[in-house]
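Please go over the structures that come below.
Shared between the two complexes below is chain A, which pairs with chain B and chain C, respectively.
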Partner chain A sequence: MTATRTVLGLARAEAFRLVRSLLVLTGLLAGGAVVWVLFGPWQPLWWNASWQIGFGQLVLAMAVLAAAQLAAGRARRDAMSDLYASFPATAGARTAAQLTALAGAAPASVVLVAAATAVARARGAIGTPDVAVLAGGVVLVIAAGAVGVAIGSRFAHPLAGALGAVALLFSSVTSHLATGANIWLVPWQWNEDALGSLPGPLPGYPPAGAHMLELAGVAAAAATVAFAATVGRGRLRGGLAAAGVLAAAAICLAGALQLRPIPTASLDHLVSEAAAPASVQACATANEVRYCLYPGFAALLPSLQAPVNGVLAHLPARPDQPLTVSQVLGPDLLDSSLTHGHPAPQVSAWQARTLSAPGSAASASAIYLPVGSWPAASGQLNDARFEVALAAAEWAVRLAPTVSARTLSSQTFQQCVPVGQAREAIAIYLAILATHPPAGELRAGLGTGRGLFGSVVGSKFIPDWVFPGSSAYLTPQAGPENTAAGYLLANAMTSLPGQQVARVLARSWGSWLNWHTTDAQLAAALGIPMPSVPPAPPFLPGPGPGGGPPQAPLCTT
Partner chain B sequence: MEAMKTTNVRTAVVRADGLSRRYGAVRALDGVDLTLGRGITGLLGPNGAGKTTLLSILATVGEPDAGQVSAFGLDPRNAAERVEIRRRLGYLPQELGYHRHFTAAAFLDYVAILKEITDRRRRAQEVARVLAATGLEDRARTRIRALSGGMRQRLGIAQALLGEPELLILDEPTAGLDPEQRLRFRELLSGLPGEPVIVLSTHQADDIAAICPRVVVLLRGQVHFTGTPAELAATADGRVWAAGERDPRAHLSWRGGDNRWRHIGEASPAGAELVAPTVEDGYLLLSHAADAR
Partner chain C sequence: MPWSTLCAGCLAGTVFLAVMAHVADVSHTPLGPGDVRIAFLPAIAALAFIPRTPFRPVAQATPVPAWVAPAGRVLLAAPILALTCWAQLTIAAHAVPVLLTAHSHPPLGHSPAVYPVIAQLTGWCAVTVAVAACVDRSRYADVGGAVAVPVSFAAIALAWYAPLTSRLVAQPPATPHGATVAWCAVTAIFTALTCAAMRDRWHRYTRVR
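Moving on, here comes the complex of A and B:
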């Protein structure tokens, strides 16, 4: 009883020191920063965000590992072994206390989860948090602490803990070198490309429960090692050996569970969601525009409708071809971490189906929003909305994409350039009216101060205009390559009274949409001079990879 | 002498029988027999005499190669009895490191838990008590790295006093203390309640003379003297002289603060004055005899 009270008393003291240690506090802040960075500018998807939070826990776990090692090695490092040996509390009791004290790291871990969850919710996270994954992050922190105690019980030098923490990080950040299911055997890993591109949680993937069991096994194995360094001979040794065997068995069982292939039916369903989204998506029509979203993404609808409606509100006439705004899945949906354990022909068949899915080719009447790139959150949302508005405006002015390749996976994909075309300026003007982006951001698209960028059409260099967030939120890069001239004229149009511009556009709307109608003609009709375009660089190297600007086709449809 | 030994055996709390310990080719302890009763016992000996080895064995930290120790009738070779001895023990090792980033109070609180003082209120009282006893109460919140060497030594003494141990083993506790602190330390030991068994090793013969009713001289791993400080001083009776000149025949000679030479030897130098021996004289004479053997 006295021994138990002593262990608990020591554990309380050690936990207090652990949770107040500068290392752990730094780890907590750094972990939070990592989660913030991983969330990026997008609205979090919980089936991915839960693992992103876990990666923040890895940073905290590194700090807890180092702090626990320092605590476990403290007596020897500070030349106090003789004094400690004279106390009634045995070395085994001290080890038990240090392991128990790791519970003190749990609140820090939970704080990280809570803070990240609050941020995710504030950003309108989609889906529901995966409790097993989030709990696994807490287990990771405690397991790392146990490893720290095990290291500290044998190696008192602070460098040992630091090396342990680096090894933990190294094993996780290099897990991408592993293939198939093997990545799940490392202490913490998530495959953002795969998870962030899924339209929802995939049952049984990633194997969070088994991963947590593996971490618990690692914690038990580390505790066994720590006790083995401190307890004497006899029955305790036998008990430790048994505990070690059980821990190893738990790790092996967890490994076997993690290496199991994802059921064929689950992957079939996923491929169907990619190849035939209409079969699972919920579609709604508003203002004669059809919006199709995967279940769970309905909350996106208002943020999509606003920029599209903003463009439609200023149109003198709508195209005959109706517009569809649809979510799609990326073409690289199926990586080996998903398809491991399935026969190659089956995997090839799945990949073939995903490559022919909507969104893999440009369409004149559709705006495709890839899951994972949209929805955007926070400050990036405005950029995303502008891109949707511009895509809608380009549909409205029939500035259809011209591509020389049918799929994104091909490197020959190429955008056309609407050189000197009035309709490009009109499209940019409509997008600006619809979303009112900051003027400074629009101007920054000219690349002022960073040299000239552009394409070569025929033999002429055409400076381009790359607005903020360009091509970040839609797929494929359906629109044309926007030109500096188009933006400058659109910008000049915004300084005119709206009614004047509307009258000029409405008077000859059909003519303005013709690709032969020039921006100079539009400027003349509006009664404004054609803005001057930055001059071409004095010397242009030849086009192509590693050379000068790429050769691009003229938009002629 | 025989009567005193009998008394010691009857009241013995700690007993060592035939303790030997080697470190490679070096024989640190060589058949040490010792009995310790309640009160303060001073352990005198030069560097390398085996004092620290003996004290670490008495503190159940070290193990002898041969011989055995018992304390309070308990055998430290038995794990349960060893823990029981440790529950009654306060130990200050000779070279004690510190958790430098702990505050003095936090360090003592931590040690108090290791000493199984699990009740928080009692622990706080104990920490306050030993801080006050060692004059560190105003340094309770100071980190150990900011304490002076003397303060750290007092902190080491303070941790040994936690829990009011019945057996207090102090290995050179006055090292690093200034004269005032040494006086305060003597006062502290003399005033400890319950008359614990105290063993302290020191190079300061005047510490022994001032506070130890009993002294043990350890030379080359063997006990060469056990008795009172007066008895140790008496071993030099008739062999200590004061003179104006140095006597080359003397075993030991040094010039005192009165500018006269103090000689320890077998023969009286010409014109020398026989003086009353001190504990230090007795110890030095014993040490010289052991070296000469």
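Moving on, here comes the complex of A and C:
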């Protein structure tokens, strides 16, 4: 009873020291910063964000490991072992107290979870937090602290703690050590999973319960090692050996559970969600445009409708083919962390189905949004809205993508270029009217001052205009390449009275959509001079046929 | 004592890199300069414990200037660090060009330039020694190394990831030449700071109010 009281008293003191340790507080701040960076500008998906918060916990765990090692090695480092040995509390009691004091790290861990949760909610996170994954992060911090105590009980030098913390980081950030399902065996891998590409939580991915068991096993094993270094009596050593065996068994069991393949039915359903999204998506029609989103993503609807409606409001006439705005899954969704343990023919069949999914080929009447790539922050959100508006405007003027996205990864991919076409300027003008992006951002797309972007069509260099957030939020990235001339004319059009431009466009809308109608004709009809384009630089040797610059096709559809 | 610490740090990173090179060879995933940088971190951590001389109060009572002892330790550590850097670059070089040049027809590319990595690692060393020397003159002198490790790592991470500085020191966007110049400038600045700290005769014991 007295020993327990002693342990609890010591633990309270050590926990207080741990709570106010500068290392732990710095680790907490660094962990928060890491979570912030991992969230990025995207709208968080809880099934992914929960794991990202865990990586912030890994940073905190490094700090707790180092702090616990410093605490455990304090007596020997300060050459006070003999003095401590003269105290009534035994070395074993002190170790027990230091292990119990790791509860002092839990508040920091919980604070990190709470702060990250608040940030995710403020950014409109989709789904619900995965409590098991979040709890696994807290267990990770405690386990790292236990490892720190184990190291400190053997090695008093502070470098040992620093090396332990660096080893913890190494094990999780390097992609060489673990691939496939093995990524769940390291303390907390950070970028080898496919969580960010999923349309919803996938049962058993990540294997949160088993991972928590593994971390708890590591904590128990570390505690056993720490006691083994400080406890001398034979009977206790026997108990420690039994505890060590149990901890090792728990780790092995957890490893086996984590390596189990994801059930075939779950992957079948995921592949169906990718290949035939209409079977699971909720579709709504507004203003004769069809919006199809995966369940839980309904909050995106206003962000998509606003730019599309903005374009439609200024259209003299719509194309015959109605527009569809649809979410899709990435073509590389099925990575080895998902398909491990399944026979190769089955995996090939799944991959073949995902290759034929909507979004893997360009469509003249559809705008595809990959899951997990919609931004939450205001600046990027405006860019994404502009990209949607421009895609809708290109549908409206029939500047359809002509190249399949499947060729995107091959060397032959090239976007077509609407050189000198009036419809390109009209599309950019409509997108600007619909979303009103800052003029400076639009101008920056010309690239002047950083060198010119451009394409070679025929034997001419055509300076490009890369609009804000170009190809960042939609797929496939096979829309036409926008030209500097098109943007400059569209920009000049925005300085004219809207009714005047609308009258000119409506008068001969059909002819403006013809790819033979030039931007110079449009400028003349509007009564403005054609803006001058920055002069083209001399050609540089490139990988084109015969060693010349690469050629881009003209948009002729 | 500091030499076993330094050797432990250098060996830990080198063994880690050797394991990574073996795994890379088996899994056909090339190692890059980033792996060398990560593997050098344990040596950096060990270096933080070098400038601290526990017998400085005694040294100050002798005719020899007090800064000679810490400066001498740092100078003696330099060859060990250089050897570690050479060993790690050699290990990485065995893993990188095999995949990038020898097995591909035509070669996919050239192995990345080494001199920016060397400049960067030198800069990291200079930052760490400067932080350790500064802490050694403070009331936290007894835990100078333990404080210098996280502070140095934080400074390195900040320089690498902060948008303002990463343009200068991280490649890309910085060019190899630009990054080398930037890290040489960092080395020069922090070496000057180290000299100033080592020549300082007084511990800063007072709390800032």
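Everything below uses one rule, namely that the second predicted complex is superposed on the first by the 526 of 557 C-alpha atoms of A that agree within 3 Å, B and C clash if a C-alpha of one lies under 4 Å from a C-alpha of the other, contacts with A are read in each partner's own complex, and residues count from 1 in each chain.
What we mean here is this: contacts are C-beta pairs under 8 Å (C-beta built on N, C-alpha and C of every residue); 3 or more make two chains touch, one makes a residue touch a chain.
From a predicted model like this one, the values you see are computed outputs, not experimental measurements.
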| item | value |
| --- | --- |
| Partner chain(s) touched by A:Ile528 [first = chain B, second = chain C, both, neither] | neither |
| Partner chain(s) touched by A:Thr6 [first = chain B, second = chain C, both, neither] | first |
| Chain B versus chain C as contact partner of A:Val37, first or second or both or neither | second |
| First (chain B), second (chain C), both or neither touched by A:Val110 | neither |
| Touching partner for A:Ala85 - first (chain B), second (chain C), both, neither | first |
| Contacts of A:Ala243 with chain B and chain C, given as first, second, both or neither | neither |
| First, second, both or neither for A:Leu23, with chain B first and chain C second | second |
| Chain C contact footprint on chain A (complex, rising order) | 23, 26, 30, 37, 63, 66, 70, 157-159, 161-163, 166-167, 170, 173-177, 179 |
| For the chain A and chain B complex, residues of the former touching the latter | 2, 5-6, 8-10, 13, 74, 78-80, 82-90, 94, 232 |
| For the chain C and chain A complex, residues of the former touching the latter | 5, 8-9, 12, 16, 20, 23-24, 27, 29, 31, 35, 38, 41-42, 45-46, 48-49, 143, 145-146, 149-150, 154, 161 |
| Chain B residues touching chain A - in the complex, by the definition given at the top | 56, 59-61, 79, 83, 86-87, 89, 91-93, 95-100, 109-111, 113-116, 118, 159 |
